[in-house]
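Letters A, B and C mark the chains in the order given here, with residues in each chain numbered from 1 onward.
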Amino acid sequence: MGLPREAGRVAAVAWKDLTAERRTKANFNAVVFLAALILFLFGFALGPDAEALRAAAAGALWLTVLFSGVLAFNHSYQVELESGALEALLLYPGDHRSIFLGKLIANLVFVLLVEAIVLPLAAVLYHLPLLRPFPGLAGVLLLGTVGFVTLGTFYAAIASRVRAREVLLPLLLFPMLVPVLLAAVEATGALLAGDPMKESGGWIRLLLIFDVIFFVASFFAFEYVIEE
Amino acid sequence: MPGSFVPAVVSRRRYQILGIIALAALVGAELLGLSASPPDRDMGHLQKIMYVHVPAAWSAFLAFFVVFIGSVLYLWKREERYDLLAAAAAEVALVLTALTLALGSIWGRPTWGVWWTWDPRLTTTAILLVMTVGYLALRSFVDEPDRRARWSAAVGILASLNVLVVYKSVQWWRTLHQVQSSPSTVDPAYALGLRLNALAFLLVLVYFILLRYRAARLERLVEAQAEARELAQGEELHV
Amino acid sequence: MRESGDDSGVAAVETVELARRFGRRWALRGVSLRVDPGSAVALVGPNGSGKTTLLRLLTTALRPSRGSARVFGCDVLRSPAAVRAQVGMLAHAPGLYEDLTAGENLRFALRMWGMDAAPARITAALAAVNLEHEEQERVRGFSSGMRRRLALARLLLRPPRLLLLDEPYASFDAAGMRQVHRLVRDIAADGGAVLLATHDRERAAEVVDRFVELQAGRVLNGASATAPAAGLGSRSAGWGG
């Protein structure tokens, strides 16, 4: 029951999910390709004007992350449903919330890796300056992704075990992401524009608060959701 | 166990009385609001949409608060009636949020010149509508009652939390809307009408929730009787 | 309250009017059963008679709709974690990760139990089920028999106090079956207990002490049926040979 044991289980679940992902790669490649495609489509939709692209870049970037990342979450639980693995997983002793944390970490690594590829591509397509705002931008990406992945991991635990999971996950998840999306887009936009009004700090603080609120809520609600 | 919740369901007669009172209160309050208040300086008679729009919005959020309370009580006590209460309140919340948005648009178009504006209350109401749809969709996709109750309670609690967070964050994002309408900020000539309408909507809200709750309890009662019958039989009926 | 599970007089499994429904269908309609420590019991009955449901209720994977169940004194509803710590199951679905290798699957199990995941231990467990050459192979390419053997290897790493076997004869060969039987006897000899759901009375008779017959979610032959198994006298039949 001790904390080191639970930490061990968290690490084991994260290691297991990431090993399986690395083994197949097909899922990761498909998600990255889809993300690149969405970036392109936004480019077409927004027109070739460099100023317009730059102005809309923060929103397009985050929507790309949302639409492609959401595919990773259902997959994370489908692996468990494939051959009755979830039942075996729930039978291990200890706290079920360790499973949540392990999956959250694995999903976080997955989405951050997608972003690592998407971000330079977006910089090229939308004429963005990446190097100057980089430390702040990396922080915003990390915080925004933590909020996104926390809620995604939680809602996928429900949606993946329901008929019509493809529709239900975005329907449940996206309205919950409004605050995180809003703060992340505003902070990213401010940083990309050189932060003339010094407003990125406020949004980053807000993002941090949202992350904490949603993490605590999902962490404690997970036990009610995962049991059969 | 099946028998124990029959008395808890209020008798049909008392429902009908409450329904008649709620309807009468609504009609009375509307008539009073429409006739007793002078046309607004800027908006003219348009302003009177306030008598339905504002109470509808209040009741919608109140209904979702009942979803929150029902969800918390269910996870705490694990009694089915709290789950049914939350579900009944969500159905009413769906109707009221849709009404609020429609009325808001009708009001907004002549007043601000747009059907939609990204103001905190309007945006939060829209998000609330979507979350209520998600909540009810989830319920319809899960057949097993125990699982449905646990999952929707968790979703209901997170959604309630999100209502507050969305409201705060959109407020940060946009702060151009007029001050919230409440009896203390509107002209005294309109305050009475607003108060009475709020009361009437509250009665309608209680009536609707109780009605849906009663229907859900009766459904479960029939199901429980069928279950008990089936349990008593030796053979499988539904293989 | 006896929740400790260390009491010597306590039953390995004790269910009282245990029932479970799925939607409107009752899979189990009130089963009262007692299994003493040191014994192995076979659950027999046609498909859909509730065997698997009963086993899953005892793993805490399912919550009872009615009635109660205790495993070594621990209630499945009130102390599920304590129940899980004592139960091991060989389910119909092996519960393995397709994209991990055989060795990685076992390594994951050891880490989840908080046990030492030494490579030698994993290799030994795989060797015990004749999978030592497949340690680096992905489960996705395994036959169903190999998957079952791998699931058995996982069980051998940490023999549970209460072993639940769901149709163990379905895809084991003779050698695998002997291994399962040896595990059953070892657990019973150590004061544990085994519940074995099967169609195959003859094979089960080699290893169990009694049969409990389920039909349509009920026990047919009495709650504490003590009908001795035909093969009780020939206990050693499965050893080594």
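What we mean here is this: a contact is a pair of C-beta atoms (placed from the backbone, for glycine too) under 8 Å apart; a residue touches a chain by one contact, two chains touch by 3 or more.
Quick caveat: nothing in here was measured; it's all calculated off a predicted structure.
In this assembly, the chain whose C-alpha centre lies farthest from chain C is B. Geometrically, the chain at the heart of the complex, using CA-atom means, is A. Chain B and chain C have centres, each the mean of its CA atoms, that are 49 Å apart.
Each chain gets a centre from the mean of its Cα atoms; for chain A and chain B, those two points are 32 Å apart. Rounded to whole angstrom units, the spacing between the C-alpha centres of chain A and chain C is 39. Along chain B, no residue makes contact with two or more other chains.
Of all residues in chain C, those touching 2 or more other chains are 63, listed in ascending order.
Under the contact definition stated at the top, the residues of chain A that touch 2 or more other chains are 227-228. Across the complex, chain C meets chain B through its residues 19, 21-26, 29-30, 48, 63, 65, 216-218. Listing the residues of chain A that touch chain B in their complex gives 154-155, 158, 162-164, 168, 171-172, 174-176, 178-179, 182-183, 186, 202, 206, 210, 213-214, 217-218, 221, 224-225, 227-228.
By the touch criterion stated above, chain B contacts chain A in their complex at residues 75, 127, 130-131, 133-134, 137-138, 141-142, 147, 150-151, 153-155, 157-159, 161-162, 165-166, 168-170, 172-173. Those residues of chain C whose C-beta lies close enough to touch chain A in the complex are 56, 59-63, 81, 84-85, 87-89, 91-100, 104, 108-109, 111-114, 138, 147. Residues 1, 5, 8-9, 11-13, 15-16, 19-20, 23-24, 79, 82-85, 87-95, 227-228 of chain A touch chain C in their complex.
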